[in-house]
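Think of it as A, B, C, D, E and F in the order they're written, each chain with its own count starting at 1.
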Amino acid sequence: MNLIFEIFISGALVVSGIFGFVGSYGLVKLTGTLQRLHAPTKATTLGVGGVLVASMLYFYATTGHVSVHEILIAVFLLLTAPIIANFIAKTYMVRNLRASDLPKSQSRKGWALYDEPPEP
Amino acid sequence: MSHWIILPVILPALFAPLLGFVMRHDIVLARATSVFATALLLAVSVGLVVMAADGTTHIYRLGDWPAPFGIGLVLDRLSAVMVLLTSSLAFLVLLHAIATGWDEKGRHFHALFQFQLMGICGAFLTGDVFNLFVFFEVLLIASYGLMIHSGGRERMRAGLQYVVMNLAGSTLFLFALGTLYASTGTLNIADLAAKIPAIPEEEAALVRVAAMLLMIVFAVKAALFPVQFWLPATYANAPAPVAALFAIMTKVGAYAILRVHTVVFGPGVPGTEGMIDAWLFPAAIVTIALGAFGVLGARRLMPLISFSVIGSMGTLLVAVAVFTPSATTAALYYMVHSTFAAACLFLVADLVVTRRDGDSLRPRPKTVQNGLFAALFFGAVIAMAGMPPLSGFLGKLLVLNSLRQPDVMVWAWTAILAGSLITIVGFARAGSALFWKSTAIDPPEPGAADAPGPDEVLSRNATPAEVAPAVLALAALAGLAVFAGPVAEYLEQTANQLFDRAGYIAAVLPAAGGS
Amino acid sequence: MLTRLIPHPLLSILLVFVWLGLVNKLTLGNLILGGFFGLVIPMLTAPYWPGRPKLSKPINVLGYVLIVLWDIVVANVQVALIILFRSNPNIRSQWVVVPLELTSAEAITVLAGTITMTPGTVSATLAADGGSILVHCLHTDDPDAVRDEIKTRYERRLKEIFQ
Amino acid sequence: MIEAALTFTAACYGLALLLDLWRIVLGPHAADRILALDTMVINVIALLVLYGVWRGTAIYFEAAMLVAMVGFVSTVAYCRFLLRGDIIE
Amino acid sequence: METTGNFLFIIALLPFVGALIPGLMIRAGRNATATFTAMPTAVALILLMTYAPAVLRGEVIQAEVAWLPQLGLSVSFFLDGLGLLFACMILGVGLLITLYARYYLSGEDPVGQFYTYLLLFQGAMLGIVISDNILLLLIFWELTSLSSFLLIGYWKHLPEGRQGARMALAVTGAGGLAMIGGMLILGNIAGSYNLTDILQAGDAIRASEWYMPALILILLGAFTKSAQFPFHFWLPHAMAAPTPVSAYLHSATMVKAGVFLMARMWPVLSGTDAWFYIVATTGLITMVMGALIALFKDDLKALLAFSTVSHLGLLTMLLGFGTEAAAVAAVFHIINHLTFKAALFMTAGIVDHETHTRDIKRLGGLRHLMPITFLIGTIAALSMAGIPLFNGFLSKEMMLEEASHTGWAGSQYAVPVLATIGALLSVAYSFRFIFHVFFGPVRDDYPAKPHDPPFGLWAAPALLVVLVVLIGVMPFIADTVVASAASAVTGADLDPHLKIWHGVTPALFMSIIAVVGGALLLMLHRPLDRVWRAAPRPEAKEIFDNLVAGCVSLTRRITEATHNGAISRYLAIFTVASVLLGGVAFMGGGLAEPTRELLPIPAVIAVGWVMLVVATGCVVVMHHHRFRALVLIGIIGLSISSGFVYLSAPDLALTQISVETVTIMLLLLALHFLPKTTPKVSSTGLKLRDGIIAGAAGLGVGALSFAFMQRDISTISSYHLANSYEGGGGTNVVNVILVDFRGYDTFGEIIVLGIAGLLIYALMQALLDGTSAQRLRNTDYSQDRSKDRHPLMMVVATRVLMPIALLVGTFIFLRGHNQPGGGFVAGLVVAIALLMQYMASGFAWTQARQRIEYHTMIGFGVLIAGLTGVGSWVFGKPFLTSAFTYVHLPLIEEFELATAMLFDLGVFLTVLGAVMLMLYSLSRIARYAGETVNVEPMDYDPANRVDNGPEAR
Amino acid sequence: MELLVASAIGTMTAGGVYLMLRLRTFPVILGLALLSYAVNVFLFSSGRLSIDMSPILSKYGDASYSDPLPQALVLTAIVISFGMTAVLVMISLGAYLEADNDEIDIEPEITDEDSAT
C-alpha cells in the first residue's frame, strides 16, 4: 500500500475518532437535553463518515476494487439521523415543556406537539 | 430407512398449518380434518409399534447426513410405545373436546392440538439431545396455547405461571446442553453414550453437571419434587380436555430421564455412576407424599386430580430411579396406565364440573346423570388410586415387586402404600361429596340470587359422544389390565432394549465407535 | 400505465444503486437483479407513497447535496469547538422559528433534515399544519440571522427543486 | 501508521461508549437516555466498520448495516412510546 | 390329589358377568332383577357342588392361566376344604340375601344398583377364597373393600351411609395395603406368589428375618377386615347399610375374609410365639370388648354388629392358639356363626321393616304380634348365647375347652377367665335381644303397626335357623365339611367328630357360669346401663373422625403452604435446587488440566464488557422504571451483538440484534397497556435472599463456562466444516447447519414461531371476547400525549427507507447460504421494514392498503418448509435431504439453486408472518382500547394548506 | 477474554435470576430475557472463543474456523426464545387485563364456605 493511501486512511480514521469522541463528550458535558441533542450529530456525520471513507480507501488499496457499500451506511444514517433527532426533541418537549415555553408558531396552527392538525 | 418413522412428526406438522391457516373459519371441516389426522397418527403409531417389535433399533437420518453429524430419529420399542400412547390418548381427548364443544370456546384449538402432538412425538422419536430441546419447545409453546385456550381470569394467570416456569426450565435445559457439548463435543445420544463412559471420574466434573442439570430439567416436566409446584395450578386451570392431554406431558419428562439418564449416563458410566439415583429416588419419594397430601387436602376437584397426577409421577419415578430393567418395565407399565388414568379422570371431571357450579367440593345439588358420572368417576378413581380391577393395581404391584433392593424397599414401599391409602381416602371423600352428598341437597330455586346463570352451567344430559371418550379410556385401562401379560412382555423387552447401550450405539452410529 | 408500473422512478434508481452497494460487485447479473428489485419493490410499496413529488430541476439536487455536505463539515468543526472549549454557561441556546413557504411534504422533510444534519441546529417540531418549523439552535446571539440563512441557503434551493 | 490510527480511533470510540453509558445511566430525562443509546449505536457502527478495516474483511459490513437499521427503528419506537404510548397506532 | 377344574374360572367369573345385568336393568322391577341376580349365584353354586365330593374326599381342584408372568401373577384358582366351605357360605347366603333383599328393599330404591354391587361383592369374596395366587387374592381382597364401600354407602343421601362407607374403606383399605406389603414379602421369601408353593415354604418363612414384618403386615390386613381391636370401630358404622347388606357382609362374608386369611396362612405363619401373642391376644380382647359393648347397644343392628365383632374375636383367638383342635373349633364356629348371625340380622331387618324402628327401648312384646319372627329370632339368639341343642353351643364349648388349657405369659387363668367372661356377656346380650324385643307387654307406641312379614322375607332366616337346629342336634352332619376344611387349614389330615356331649369338662362349668351369669347380668341391665352411659369411654368414631379431620387439615396445610401460588418462590426453589445439585455434581468429579491459552483482552472489548455489566446492574437496580429498563436492555443486546461480531459469529450478531429489536417493540407495545412502574414491594430480607440466590446462580454459571472455555475438546463440527461446501452447497457453515445438517431443528424452530403467532392471535381473540374488553374500553390510555400521531417527517422518510430496508432483507435472504444472513434474519429485517411503515402511518392504515393474510403467510411458510423436506421422499431420500446445483446463464455470473433455499423461504415466511401476526394482534387490542384509524398517511399534508402566507397565531 | 465472557454470563445470569424472582410480571419478563441472553452466550461459549475465524469457508484451504455448531444452536435458541418471549409478553398482558393486576403470584382464594368443609 502506498504511503498516500496510508496517510489518507490514517487521517480519516483520526478525524473520525476525534469527532466520535467529541460527540459523546458533548453528550456528557452539555447541560440540558436539547443542548445535548446537538452533540451526537458529529458522531453520525464526520465520525462514521470518516471511518467509512477510511474503509473504502483501505479496501480499494488492498483489493483494487471500489467498495461502495460503505456509502449505503452513510446514506442510511444521513436519512435517519434527522428523524431521530426530531423524535428525541419532541420526546423531551412533550414531557418537559409546555406550549407557552416556546415561541409561537408563525402559521395558522400551533406546534404539532401541542395542537391538533387542521381538519383536512 | 423407512419414512414411517418421521410420519408422527410430519403428519401433524402439515395438518396443523392447514387447520390453523386454511380451515380456521370452518369448524366442521377443522374437526373432521383434526380427527382424520389424529386417526391417521394412531394408525401410523400402531404400525411403528409393530415395526419396533422385532427389537431392531431403526434410525432415520434426516437430510441423509450420517449420525452423529446430522439429526437422526431413532425408533426403538420405547419410542414406539410412547408415540402410540400419545396418539391413542390424543384421539380420546380430541373426541371429548369436539363432543363437549371445548374446541369452539377459543381460536385455533385444532391447530394447536396438532402442533402439540407434533412436539410430543418429535420429542419421543429424536436421537439428538438438542433436537429434544427443540421439540420440548414445540410441545411447550403449543401447550401454552392450549392451556390458555378460551381465556378467563384464573386460567390466564395460571397460564402465565406455567409459561414462566417452563421458560426457566428451558433456560436450564440450554445451560445443560451447553455444558454437555462443551464437555463432549457432540449432541447425538448414541454418540454421547459412546463417548461419556470413556471420561474418567477425575475429569467428569462437567459431564456430571450436565447430567444433573438435565435431570432437573426433565424433573420440571415430570413434576418431581422440588420442581413440581407449577403443576396443580396449571392442570386445574387448563381446559379439562387439555389437562387430560397433559397427562402425557409429564411422561415426556419421565421418558427423557429414561432415555438420557439410562442410555447416556446410565449404570456403569464411571463419571456419573450412582449420582442421579441418589437424588432422583428420595425426590420421587417426597413427590409421592406431596401428591397424596394434595389429594387429601384439596378443596377442589381439579387440583385434587392434579395432585393425584403428581403422586403417580412420584410412583413412576421411584421405579425409574433404580435404573434396573425390571423396575423400568414396571415404570413403563405404570406410565402407560397412569397416562390413561389421569386423562380419564380429567375427562370425567369435565363432564361433572361443567354441570356443576364449578369444581368446588362444597355441597352442591346433584347434577343430571348423577349415577352415570359417579360410576365413571369411581372407575377412573380406582384406576388412579391403584385399586383393582383396573391396571393401576397391577402397575403398583409391578413397581413394588421390582423395588426389592433392601436400601430402597422400605422407603419405596412405605411411600407407595401409604400414598395409596391417603389417595384413596382423599378420593373417597371427594367422590362422596360430589355424588353422594349432593343427592341430599335440594336444587336451588330457579331465579334465586346465587343460582348460576343458565349459560355457565350445563343442565342437559351428557350425550353418548361426550361420555364415550371417558368410557374408552376406562376400557383402555381395563384392557391394559386384562392383557397385562403381553403388554408387560413388550415393555420388558423395551426395558431390556433400553439398557442395551451397546446395541443402541451400534444401531445409530454406522461404524462402531462412531466419529 | 407507466406510473402504475414505475410509481417512483427515482426510488427505483436509488434501489438499483442500493442493490449494487449491497452486493458490492458490479456485474451484469447484479445489475439485472438490482433492476428487477428496483421495479418490484416500489410497485409493492406504492400504496404507502401516494402521489409522486414533482421534481422540476433534478440537476439542482446535486448542487444542494454538495452544499449541505460542505456545511456539515464546516459546522461540525464549529460545534466541536463550542463543545470542547466553551464553558457551559457561555453557551447560549435559542429557539428559532422558521416560517415555511414549502408545501411539499418531501421538501419540508428534506429541509428539516438538512437543518438537523448541519450541526448547531436541530429541527425540533413542525407546526401542526406544516407552516413553520421550530429550530433549536445550540449557540447563537442572533436567531434572526439563523432563520434567514436557513431560508435563503436551503429553503430557496429546495423550492426550486420541488416546484 | 494505519495500525496506530486504528488504535487511536478505537480508543476514541471506546471512551465515547463509556461516556454514552454514563449518560444513559444518569439520564436524567428519558430523552437523554434514548439519545445516548442512539449515540451508542452510532459509535458501535463506527467500531464495526473499524474492525472490518482492522481485520481486512467485509464480513462485518452486514452487521453494521443492520445495526444502523434496527438502531433507527428502535430509537423511533422508544420515542413514539413516550410520545404516543402506542408505537404502531 | 390335584384335579384340574376349569369350572373354577366360570365360578369366579359368573358373579362379575352377572353383575352387569341388574345394573343395566334400570327400569325392570324387583322380581326381574332379583331373579337375574340369583341365577348366576345359583349356577355358580351348582358348579361348585360338582366339585364338592372330590374336595370332601381330600382332593384339591386347581385351574390356572397365565396373566402377568413378569410379576408372578397368574389367574390360578384352587379349591380345597376351606375354600369350598367359604365358597358355599358365600354363594349360599348370597342366594338367601338376594331373596330377602327382594322383599326388604322398597320399589323406590335403585334395586338394580344394589344387586350389581351385591354380585360384585360376592364375586370378590368368592375370588378371595378360591385364589391360588396371593397377588390374585390381593386383587379380590381390594375388590371387597371397594364393593363393600359401594354397598355400605348405598343409601347415599344419608350421612351415616356415606361416613360409614368411607370409614370402612379407609380402615379395610389401609389394612389391604399393608397386606400387599406382607404378601409381597412372603412371595419374596418363598420365591413364588402361588399359595400352594407358599404353603410348602412355612419353615423357610418362619425362619426368615422378614417373618415379623410380613406377619405384622398381613395381620394388619386380616385384623382390619375382621374388625379386630383396635380396628373394630368401622364395623358398627357399616350398619348404616341396608340390612341385607349387613346380614351378608357381617355374618358370612366380608368380616370373615380376615378370618379366612388367617386360616389360610395358618400353616405358614402360625406356630410361633409372635403369632400366638399377637393373634390370640387380639382375639381375646376383641371378644370380650365386643361383647361388653354389644350389651349396652340399643340399636338392634348395633348390638348384632358388636356381637359380630366379639365372635370374630373368638375366631381369631382360636386361630391364634395355633393348635389343631382350636382350628377345628374355629372352622366349626365359622359355620355356626354364619347360620345364627345371618338369621339374626334378617330378623332385625324384619323388625325394623315392620315397626320402622330398631331401637330396643322402643320395642318389646313383639312375640304376640310377630310370632314367626319371634320364633326365628329366638332360636338364632339362643344359638348365639350358646344354649345346648343349638349349634352355637357346640362350637362355644370347643372354644372354652381350648381356652381352658391355654396359658398366657405364664398365667394359667388369664385366657380361661376372660373367655368365660366373653361367653357370659354373649349370653347376656343374646338374652337381651330375645327379652327386650319380643317379651314384655305389647306396646301401643310402635312407629308402625307390626305384624309378621310376607313369606319371602322370613323364608331365608327360617332356612337358616333350621340349619341351626339341625347342626345343634345332629352335629355329625357337619363332620365331613369341618374335617375337610380344618384339614385344609392345618395342613394335617384331621378327622374330628363333632358331638353334643363331651362329658363333664372344665368347659361345661365355664358354660354354666356363662349362662347363669349372663342371665343375672341381664336382670341388672337397667342399673348397669346407667353406669355404662355415665362412664367415660373413648368413642371410636369420634377418634377416627378427628384423626381423619386432623390428617385432612394437616395435609391441607402442607399442600397450601407449599403450593401457595407464589411462582416467585417456586422459581427460587428451582434455582436453588439447580445451583446446589449442579454444585454437588461438580464436586463429585474432577477437571482435566487447562489446555487453552486465554485470549487477550483489547481495551475496546473491555469497554463492551463494562457496558454490558453496568447495563445489567442498572436493569436490576432500576427495573421499577420499566421503560428505563427497556432502554438499558437495548445496551445489553447491542453489547452482545458486538461481542458476537468480535468472536467470529456474524450470523449470531445479525440475529441477536434484529431479534432484540423486535422483542423490544413487542415489550413496548405491551407496556402501553401495563403499569409503567413496578411498585417496590419486596422486603429487604426478600431482596437479600433473592440476591444471594441470584449471585450463586451467576457465580455457578460463570465458573462453569470459565471451566470449559479453558479446555479444548474435539467436536463433531469438524465434519460440518469439511462437508458444508461439498455436501451442503454453502460456504456459510452456520447457515448450512441450520438449513441442512440440522434443518430439522430449524423446522421445529419455525413451528415454534408459527405457533407463537397463532397463540397470540387466539389469545387476543379470547381477550377481546372476555372481560378484558370492558377494561380496555374503560381505561384512558391517551394521557399526556403528543398531538402528532403520524408526523410528516417520519412518513416521508419511511417512503424511502422502507423500500431500502425491504431490499436489504431480500439481500440478506439471498446470500445467507454463503455469507452471514439467511431466511430468519431476512424475515426479521423485512418485518422491521414494515414496522417502520407502521410506526409512520399506523398499523391499520398500512394494513388497509395491503391486505396480507399473515395467517396464510405462516401457513405457507410451514408448509413450504415441510413440503421441501417431504419432497426428498420422491428421490427416495430422507426428510429434508437437500440438493443444489450451480446454474450458468449467458451474460450472468454463475449462481446457485438449492432446495435448502426453498426451505429457508419457508423460514422467512413463517418468521415474517409470525411477527406480523403478533403486531396485528397488539394493534387490534389498541384499537379496542379506543385508538382510531387514520385515513391519511400523515397527520396533515401541507400541500393542503389553504393559506401559505405566514400568519402569527 | 474468556474471563470477560464468563463474568458477563455470570452477571447476566445473576441479574436475570434476581429479576425472575420479582413479584410483578414485567420484571420477570425482563429477567427471563436477561437469562436467555446469558444462556445464549453460554451456549455459544461452549464452542470455545476465537477471533476472526468466522465459519464462513474461504477459498484458501488452510484457514481455521471457530466451531460453527454452537453458533447454529444459539441461533435456534435465540429464535425459539424470541417466540417464547413474545408469547410470555402477550400472556402477561392478557393476565393483567383479565385480573387488573400484574402480580405474578396468585393468592389462593379461600371462602368461608371452603374453610367450613
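Note that a residue touches a chain if its C-beta (ideal position, glycine included) is under 8 Å from a C-beta of that chain, and two chains touch if they have at least 3 such contacts.
All values reported here derive from a predicted model rather than from experimental measurement.
*Asks:* Which chains make contact with chain A and with chain E at once?
*Replies:* Chains in contact with chain A as well as chain E: C, D.
*Asks:* Sort the other chains by how far their Cα centres are from that of chain D and give me the top one.
*Replies:* E
*Asks:* By mean C-alpha coordinates, which chain is most distant from chain A?
*Replies:* E
*Asks:* In angstrom, rounded to a whole number, how far apart do the mean CA points of chain C and chain E lie?
*Replies:* That gives a centre separation of 73 Å.
*Asks:* Could you tell me the distance, in whole angstrom, between the mean C-alpha positions of chain D and chain E?
*Replies:* For chain D versus chain E, the centre distance works out to 59 Å.
*Asks:* Go ahead and note the Å separation of the Cα centroids belonging to chain A and chain B.
*Replies:* 57
*Asks:* So how far apart, in whole Å, are chain B and chain E when each is placed at the average of its C-alpha atoms?
*Replies:* Once rounded, the distance between the two centres reads 15 Å.
*Asks:* Would you give the residues of chain C that are in contact with at least 2 other chains, written as numbers and ranges?
*Replies:* 18, 22, 24, 99-100, 112-113, 125-126, 128-132
*Asks:* At least two partner chains per residue is the criterion; list those residues in chain A.
*Replies:* Residues 18, 25, 37, 39, 67, 69, 72, 76, 79-80, 82-83, 86-87, 89-90, 94-95, 104-110, 112-113, 115-118 of chain A each touch two or more of the other chains.
*Asks:* Spell out, as numbers or ranges, the residues of chain D touching 2 or more other chains.
*Replies:* If we look for residues of chain D contacting two or more partner chains, we find 10-11, 13, 15, 17, 30, 34, 58-59, 61, 65, 69, 72, 76, 78, 80, 82-83.
*Asks:* Tell me, which parts of chain E touch chain C in their complex?
*Replies:* Within the complex, chain E contacts chain C at residues 787-788, 791-793, 795-800, 802-804, 806-808, 810-811, 837, 841, 846, 849-850, 889, 891-893, 895, 937-943, 945, 948, 950-951.
*Asks:* Which residues of chain A touch chain C once you look at their complex with the stated criterion?
*Replies:* Within the complex, chain A touches chain C at residues 18-19, 22, 25-26, 29-32, 34-35, 37-39, 41-42, 45-46, 65, 67-69, 71-72, 78-79, 81-83, 85-86, 89-90, 93, 102-113, 115-118.
*Asks:* Applying the document's contact rule, which stretches of chain A touch chain E when the two form their complex?
*Replies:* Residues 76, 79-80, 82-83, 86-87, 90, 94-95, 104-110, 112-118, 120.
*Asks:* For chain B, which residues are in contact with chain F within the complex?
*Replies:* 130, 133-134, 137, 140-141, 144-145, 148, 151-154, 156-161, 163-164, 167-168, 170-171, 174-175, 177-179, 181-182, 187, 233, 299, 360-362, 433
*Asks:* Could you pull out which chain E residues touch chain A in their complex?
*Replies:* 784-788, 791, 793-794, 797, 800-801, 804, 936, 939-941, 944-945, 947, 950-953
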